[in-house]
Every structure is written in C-alpha cells, then in structure tokens.
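What follows is a set of structures for review.
Both complexes shown next keep chain A, but they swap its partner, so chain B is in the first and chain C is in the second.
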Partner chain A sequence: MQTNHHKERLYKILVIGDLGVGKTSIIKRYVHHNFSPNYRATIGVDFALKVLNWDQETVRLQLWDIAGQERFGNMTRVYYREAMGAFIVFDVTRPASFEAVTKWKEDLDSKLTLTNGKHVATVLLANKCDQGRDVLTNNGIKMEQFCQENGFVGWYETSAKENINIDEAANCLVKHIIASEKDMLQSEVSDTITPQLEKDKGGTCSSCFRSQ
Partner chain B sequence: MINAVFSKVTNYIFDAFRGTEEQHQRPPEEVADLLGEVIPGLEINQQEEPGFEVITRIDLGTRPQVTRREPLSAEYWIKHQDAEGRMIRIPHLKQTIFKGGLCHAIRKEAWKFLLGYFPWNSTLEERKALQRNKTDEYFRMKLQWKSLSEEQEKRNSRLRDYRSLIEKDVNRTDRTNRFYEGIDNPSLVLLHDILMTYCMYDFDLGYVQGMSDLLSPILFVMENEVDAFWCFVSFMDQMHQNFEEPMQGVKTQLIQLSTLLRLLDLAFWNYLESQDSGYLYFCFRWLLIRFKRELSFQDVLRLWEVMWTGLPCQNFHLLICCAILDSEKQKIMEENYGFNEILKHINELSMKLDVEEILQKAEGICLQVRGCKDLPAPVSNILGFPTEVFISDLTESGPKSGPGPGPRPQQLQDACSSVQEHLRESSSHNGCKVAFIS
Partner chain C sequence: MSHSTLYLRFMPIGGAAAGRRKNLEFEPLSTTALILEDRPANLPAKSEEETQRHKMEYEEMVAGAKRRELKDAQKKKRQMKERHRQEDSISHAMVVWNKEILPNWDAMKGTRRVRELWWQGLPPSVRGRVWSLAIGNELNITPELYEIFLSRAKEKWRSYSETSSVNDSESDGGASLADRESSLDLIKLDISRTFPSLFIFQKGGPYHDLLHSVLGAYTCYRPDIGYVQGMSFIAAVLILNLEEAEAFITFANLLNKPCQMAFFRVDHELMLKYFAAFEVFFEENLPRLFSHFQINNLTPDLYLIDWIFTLYSKSLPLDVACRVWDVFCRDGEESLFRTGLGILRLYEDVLLQMDFIHIAQFLTRLPEDLQSHTLFTAMANTHIISRNRRWNQVFSVLMKDGIKETDKNTSPATRS
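The block that comes next holds the complex of A and B.
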C-alpha cells in the first residue's frame, strides 16, 4: 500500500453546536492550552491549527470554529465542505443545547457526505462538565445509546476551563478519521481494479472524476 | 498517489440562498446553475453568430491617486457653528470628515450629527430639548423590561431568550479594551441595559449576535447611556436588514459586491468563481458588522465616522470590500488558493489591515468607476450614481445628498430590490448580454 508515503496529513474538522456552549473555548484550550471566559462571540467562522504526531506522521488538524447563532445558520453551512470530521458540542448545564444536538447532526449529515457515501466521523462533547451534570443525569439519557442511535463515534464529558478530556476526544476523532480515510481509499482502489465499460452512460471527462 | 481525500458537500450553496425547503441532493453543476440564478455569472451574447462571442469591453481608465487628510479638530468644528449653535457649511464639514475623520475629542458631539440623532440645522436649544425628550423616552422603555416580575418573564420566552443572548454576548464584547475590561466593569452594565432597552424599542428584531459589536464603539465614544442608545438606534436603522431573519441584508450586499467585483476585476472574480467562491461568502463578517472585527478598535472609529458621512457614494462600504480584495488578489491567485484557503486567508486579515490605506484605495476606486462612461446600470444603481447623466468634474462636485447619515433603510431597500430585479431580468433574458472586462 502506498499510504505510508505520506509524511503529513491535513484534516478539516468542524466544531459546531449551539451558541455559547464553549466551542471557541474548547479550541483555544486544545490549541493554545489556555482558557478565558471572555472569548468573543464567533461571527461566521474562525480557524485554528493543531499539529499532532501520530504514528510517526505529522497530522495537521484545521479546526473550523463555526458560529452557533441560528440566524447565521444558512450562511455558515457553506463552511462544511471538505470536512473530514466534526465535534458537536453542547453545554451540560443547558438542556436546550443538548436538544439541539440531533438538529446539528442531521444538518451536518444532510450537507456533508464522504466520497464513499458515508457520514463524517463525529464526536459529541458534553462541555462545561465542571459546572454540573444536570442534563446528563436528570433526563435519564443513556449516552452510549444516544450516540449509537444518532451516529456519533463517541462522546466525552469535557471542560475547556479545567482541561478535562479534550485531548482524549480529539484523539478519538482523529483515530476515526484515519479509519474512514482508509475505508475510502479501499473503496477507490476497488473501483480502479474493476473498471467497467458502460457505453450507455457516455459521461464527459469531468464525470470520470466523480465518485458516483 | 493519493494526496488528499475530501468529502463531498451537497446542497450547501443551494440551501444558503434558498432556505431548506428542498433537501434532496444535487450534483454540483446543478447547484452552480441555481446559484447563477441568484448571482448571475458572466453572460455572453451568442445571439448574433453561433461560435462568436460579443464582448463589450468597458474601459475603467486609470485609478486616480487620492490622498487622505488630517482629522478634523475640535476648534475647526466649533468654528462651523453659528451664534445659536447651528452647524454651518455642512457639506464642507462632511467632506472634511470623509477625508480625514475626526479628532477623538470631538467625536462625542460630531457622531450625534453624523448618525442623525441631532439634526445638522438644529440650534443648541433645540438639541437640549431633544435630549430631554429622548432621555424620558429612553427611561420609559428601560422601565418596561426593568419592571417585569420574575413570573411575567417566565411567561415571556422571547424576552427571556433575548436576555440570555445579551448576557452571553456582553460578557464577551471587547473585553480587552480598557473601557470594558475587568470584572464588574460598569460599562458592561450599560452595554447590557442599552441592548435590553433596544429590545423594547424594536421587539420584533430584539437582539441578534453582532449587535453588541455595533454598540460597543458607540458607547465607548458617548460615555453616556441615553446618547449611546439613540446613536445606536440610528446606526441600527442602517444595519437593520443585516440582522433580520433570512439575512437578506447580507445576501443582497454579497450580490451587489459580486456585481461590482465583476466590473472592477473580472479575472479575479472568475478565479474566485472557479474556486466556488464567486458568491463571496468570505466577506460575510465584513458586511454583517461593518469591519468591526477586521480593524483595531481605534481604526473602527475612524472607518465608521468616514462611512457615516454618506460620501463619496452610496454603499461605499462595498468599495472598501473591493479595495481590500484588490490588495489580496495577487496572493490568492498566485498561491492558487481554493475555497477553504480563500476563506481562511480573508479571515486572517483581521487586525492586519491599515484603515487609511483601505480608505484611500476605496476612494480611488469610487472616482475611477464614477469617471467611467457607459457604466452598467446595476453598478450605477448600487453606488447611487445618476444614470443617463453625464458627470463632469467629480472631485469638486461635493456632496449631493441632503442631511442625514447616508441612505435611509427604505431607500436602501428600494435600491437593493431594484438591483436584484435588474439582475434577475438580465439573467433571464437571452437578449443583449454584456460581459465586463476591466
């Protein structure tokens, strides 16, 4: 296999979820190792880059911090394209932000599909866990089951403030992104070794590069 | 060799423009067609002879060199008041403010005129009376939300939502600025109370993220709750559409910007289009909050006061966008940036821009475009240039608009819808289509 030739990988990762759940704080903690309660509200999108060493390779994570305000929604969805993974964040102290999680997930899946037709790897973050676990305990929600039913590859209780579980959640996401990338490569390889001549289709040149 | 594996995005452009009434997936070429309906792309007349393209070249001519001047001083301002306090030589004052901005000492007074809170021809006495009335009116509205009991608020989910948004945003608005820094800073209370009172002033709009960014410099300059509120109200009159539900204000401006850019720099626009970026989404934040996040706080004050003069043309802020893009296009094209890189590059210009340089370039573009004969009507409409009228000397013609801070919302709306109509028309007709080449 040729995959070992890569010395560097770049992945675009979306960070989405309701307004004020701590998306920017999680990213700042992860990338810059600090925390402030006064980060500005994101308008549109902000970027951050995290460089990881992963199995002797360099992995660059381009984190897209997307504004949570609903009203910007149909403007900011254009930023989803070409993402390989996503965090969906909610605030454990605000039940409404958890209720919005399925909405964010459905929205993501409806706008973004990998070339093999699968959805991008998504990890659920229950942020501000230093401030209580009301949403998680009171509703009797079984998070594992919730993740399975909604297509999350995993979930973590996080605190950007106290630096809890953020590296772990990111590693989990990267692991799944790499796995899904391999999966895509395999499906592409199998495409190339079983070429089929379909005269009736008569596509143009550009359609040769389309996956379906 | 596999360099990168990308996921495919579906529907994103379509949904962004049309809402989400249709959810099925569309192939990219179909999305491009749909987008073409909203932002008409380059149309080429193929009517005459098939195989030949009739392209009308519009010669923009060279861009005039312009210079910026010194900020207007407090003494100069006071010299332009008559015995009863009426401002005199108003067009000249506006022109001076346009060319150099204001010294900080006079901002507190001059902004009230620029924003339309004070009429330019009012006497000092009239302004005192106005302020008394506006103070009463403000506190009456403030009392409306202040006096709600907890029980009442429990039954008022919209007000509750507004309040929670405001509380979240006030705590993260310009907190590194000395005026807003630290815990229990009284300026934060003012920011909060003004935004809450604005909800009572315009309950339909209420509070939308971004509005605290528009208020913060105004409160910083006014250092007074009531004056800041009414100046904010005036500014919001101009910006209202940006925050309304389907975000029509920003979308209209993106379409207008696209029209301007096609005239000014077709090659660059074509490049952006080839990278699926022809709809200029990367300018979203610029437009939504008028460059508030792109410039240092002091430079925002300068840029805004210059724009509030309403000079040198309508929608001057769109030419400011063009000026910034003009400075970045070489880098973007040379580096062959794609969709993601363009967005990232533009986003990261924040705090690296020089306000005087941008203003200088944007004014130059304005003069260049205004001097161009046979300007396409949509462009004239966007910039508010008279159509079908020969314009002679531009630099000396001075301001033509009456008092007030530029176009009012209704006028703006009319201008926008007429441009949109025009664009729709020109894209649906197969007749005479014109390509602009600069």
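The block that comes next holds the complex of A and C.
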C-alpha cells in the first residue's frame, strides 16, 4: 500500500456478509448513485472503484464484493489478501444474517492482519433499515457494545434503496483506514511500540457512533 | 389568379401519412406527401423569375427526397432479405434437425456436417431436445424419480417454514450446514435474483414455482451438494428450453460432469487445476494479454468463477449464452475455456489499455451489446492446442504433477 507522502491513496476494501443482505446494492448506491431491486446474485467476486477527494488527496477505493454463500469460503477467502478495510453487512429483517456477523468477523480477523499485527478497520452495516427497524438495532447502546466486543470501528443503519448512511459509513471506514495506516508507519519507524491498547479498544470515534 | 402558383407545405413523412401508404412500399413517400396549395390571396404576386426559381428549387427538393427514399427503401429491402435469409436458414436447419439428425442421433451426432450445423447455432425449437440428448442421462433419472424428490423437497419446506415461524433464528442455527444451505430461504433469495430483467422467475412470474421445484428437488437428490449459487442460472436456462421433468434430468446430469462437479462441490484444488490449464492455452493464444494480466496480478479465478459456475448465462446476453451452451453440449468442458479465451480475444485491445480494477470490472460485467457472431469468430480463431497437446492432455499432466504443488497450498491470488 502507499505511504503518506503520496498524493494518491489506493485502498482495497472488502464487502462481506451473508447471501442476499444487499452487498451489491450498497456498492451500486455508493459508486453509481442508483438502486435497483433487480440485481443478479454475485458469483465469486464483483468489483467497483470509488474515487474520493479526501483532504486534498485522491483516495481510490477498490471495492471487492464477495459472494455470500458459506460454501464459497475456501475459494473467496484468498481475496482478503492486502485489504485495508471491510464492511460486514447484515439484513435487519433477517436475524440469521446478524448471527452470521460474528462468524464473518472472526473469519476476517483470522485470515487477515495488518503488518503491525492489528486487524483491519471494519464497519458493521445494518442494511435494509427502510424495511422496518429490527428490535436489535433499535437498541443503540447494545449495538455499540456489540461493536466494541467484536472489534468494529463503527456501525450504521443503512438503506441502499433510500440512500441512508452509505456515504457516512464509507467516510467512517476511510478515516479509520487512514488512521491505521499512520499507526502502521509509526510502529515501523520506532522499535518501541507505544501501547495503543486503550485507543484501540475504545475505538469510539464520535463521528462513527451516532448519538442515539 | 395566374400568380397564385406554388405554395408548399410538407406533411410529416412518418406517422399517419406513411401508415396509410404502407402498401406502396417502394414508392417515394415525400412527393406524395407534398400538398400543393394556392398561394394565399393576401400575399403579393411573385415575379415570373421568382416563380421560375421556386419551381426549380421545388423540383430539386423533390428529386433529392426521391433519391433518399429510394436509398432507404433499398436498404430496407436488403435488411428484409437478410432477415428472410436467416429465417429461411433457421427453418431449413429446423427441418434438417427434425427430419434427418434427431431420428438418427447416435449415427449422425459426430459427423462433420452435423457438427458444422451445430456450431451455427441450434434452432430454438430443437435446442432443448439436442441439449438433453447431448448431455445424456447417465444417472438414469426418470420423471417418476423427479416427482419423488420434489415431494420430499415440498415436505421439507413445509416443516422448515413451520419451525422457522416459531423461532426463526434458533431453528436456523441448530441445523447443519447443508440443511441450512438447502433451505427454502436460500433458494428463494437467489431465485428472485435469477435473470431479474426477464420478470419470469420472480415471485408471481410464470416460471417461479418451476425453478423453485427443480432446485429443491436437486437438494433432496444430492443432499451432499445441496444448493450452490450459480445453480439457479443453469436451472433457469434449462427451464426456458425443456419441460419440467426433462429440465431436472438434464440439470442433474449436467452438474454430474467432472468440471461442474469440481466447481459445485467447491473443490478448490481441482478448480485451481482448471484455472492452470486455462492459463496454458491463454498464454498460447494471447501472449500479450496474458503477460498484461500477469503484470496486473489479474488471476483467471477472478472472472472464470462467475463464467463457469453459470456457464456464461449470467455474464453473456441470453441468446449468446444459449449458443455457448450449444457448443458446450457439442464439445464438453474444453469449450467453456475456449469461450473464455474467445471473450478475451474479442476485447483484447480494450483490455490491454486497462489496469487491474478496470479489467476486473469489465470481465465481471461484459458489454451488453456483445454479438454472438463476433464472439464466435473470436472463438473460431482460438485453438485449444498447446505444443501439440490438447485440453485433456494438458489437464491430465497438471493433475499428475499437481500433487506436489497442491501441498504448497497455492492460492489463486498469490499464484502468478
């Protein structure tokens, strides 16, 4: 990946989660600004590129939209390589897809670590929030607790259909990716690694955890 | 009134005027659509010179319009002729398939003449029949057997929906992986995302239940495999061309082919062999593009997974995909990789200008205007021969030396 000195940054971002939770829709909304209820199922992996202006720099996000069926695990996990961030998506109308979130997160963390040994920044997306609120996501405090326990840097209720919180979630992820990149460079420079446990554990970036 | 000569008004040429004269196909339309009216009385009279000039201008305009329309009519005639020629050749082919080839299938299927006719594309009315004959029924599945598996599937769905309505999450979590994956939910989710633009497989569409039945019956027939994404596209294409039970029989036999078995079992090691064999012929056929892909770290799995799992039915326009299936039924698995190379050859110049992400995007979403004749020309120029070895030879060599390699657990992303 690129260093701070470059005027252009390129990040590989994974979009994972159970089948049919709306990964492709979220990407289409984010990159192409549209929505269709008629997307075809993703087989293997699909790609998209989002270009952002970020503090006078160009940030290119390479989005890897990975098929959700568990069966493809062995095959698609090689695609985690070199990713700098991830969205894990679930469907608020399907509780089972939320239960799978911890499985996806564990899987991600076990397959992928940054050069400084830390996990990649991951944002949790509670998608299809336009179709009625889930009991679980209704409880913001509980969700924040869930995020902290499972190492998510933030969570958002999103709707690709109604364009709710997609940009906000992406900005949150990019911010954390840039922060973790700085962190990696610092730990490379000095031998003495200052304990960052506090900062890491807290993870509470006020812009990510929206006030309830 | 001698001065009230020509006052021209143009009628719209299309629309009603043209519609009324449909039968006068090759007669220029605009001259007949010109209405000559007297010059309005409130305007001063024209000079003789002006009248003369207007008359000439008018005649020029009429002549120009005539020329244009004659040209259009000729073009239309040519197009009609081409269409008639195609229709004739399809109906001719249909007669040949129905009267000559199908009644003598075993004797004729391998002949040069039939193979050539086959390459031209099967007439839609015999397509399903030829596919099912070519794929065969090694598994000896009968329509009765299909009914048995279908009723089992229906029973399972009934009990599934009963338990899940009581406690959705727990019943789901408690079930084994295969059970969960063969569940109604998973198939249901995918069916609505199978050829969504056709609006026939979605809920309420005419083939929704049919697709559901075929997929459900398969998960009962092969619980060890269950439902795997990509199957819905294959079953849908078969349903479009065959009766229900026949579609199931062909579906099960098609998935039983070695290449399809490797993919739908998600046998990663074996899939890597297929990708490696593909790369041998890729390098042979398109060396420049091959090295461009290597430099960009673009491995074949990134696009082949989608293409092979759906037999191109998701990525190619449906009519083109059907022709690819025709050739697949004729030539077997190697034709799938030949098709892939044909696509790469067709777009070689564009792809050579692209970087990783753009190539990956392009190949997972091919242009919608892709034409079958251009693809088939590219495929005809693609030869599955490498240093005198054919597909099977290359593949079996890879299978033999593979044992050591696979120990290293090479992943497609790290392989270069």
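Everything below uses one rule, namely that the second predicted complex is superposed on the first by the 180 of 212 C-alpha atoms of A that agree within 3 Å, B and C clash if a C-alpha of one lies under 4 Å from a C-alpha of the other, contacts with A are read in each partner's own complex, and residues count from 1 in each chain.
Note that a contact is a pair of C-beta atoms (placed from the backbone, for glycine too) under 8 Å apart; a residue touches a chain by one contact, two chains touch by 3 or more.
These figures come from a predicted structure and were not determined experimentally.
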When the two structures are laid over each other on chain A, do chain B and chain C clash or fit? clash
Using the touch definition from the top, say if A:Tyr39 reaches chain B (first), chain C (second), both or neither. both
Of chain B and chain C, which one touches more of chain A's residues? B
Touching partner for A:Glu99 - first (chain B), second (chain C), both, neither: second
Applying the touch criterion given at the start, work out whether A:Tyr79 contacts chain B, chain C, both or neither, answering first, second, both or neither. both
Who does A:Leu114 touch here: chain B (first), chain C (second), both, or neither? first
Given the touch rule stated above, what does A:Ile66 touch, chain B (first), chain C (second), both, or neither? neither
Examine A:Ala48 and indicate which partner it touches, taking first as chain B and second as chain C; both and neither are also allowed. second
I'd like to know which partner A:Ile27 touches here: chain B for first, chain C for second, both or neither. neither
In the superposed view, which residues of chain A touch chain B and also chain C? 19-20, 37-41, 43-47, 62, 67, 69, 71-72, 74-75, 78-79, 81
Under the definition above, what is the set of chain C residues touching chain A in their complex? 168-169, 172-173, 177, 181, 185-186, 189-190, 193-197, 226, 228-230, 232, 266, 268, 271, 301-302, 305-306, 309-310, 314, 356-358, 360-361, 364-365, 411-414
Please name which positions on chain B make contact with chain A in the complex. 1-2, 4-13, 15-16, 19-20, 23, 25, 165, 168-169, 171-176, 208-210, 212-213, 243, 245-247, 250, 276, 281, 284-285, 288-289, 293, 339-340, 343-344, 347-348
For the complex, give me every residue of chain A touching chain C. 19-20, 37-49, 62, 67, 69-72, 74-75, 78-79, 81, 94-96, 99
Residue positions on chain A within touch of chain B in the complex are 2-3, 5, 10, 12, 19-20, 37-41, 43-47, 62, 67, 69, 71-72, 74-75, 77-84, 110-115, 120, 181, 184-185, 188, 211
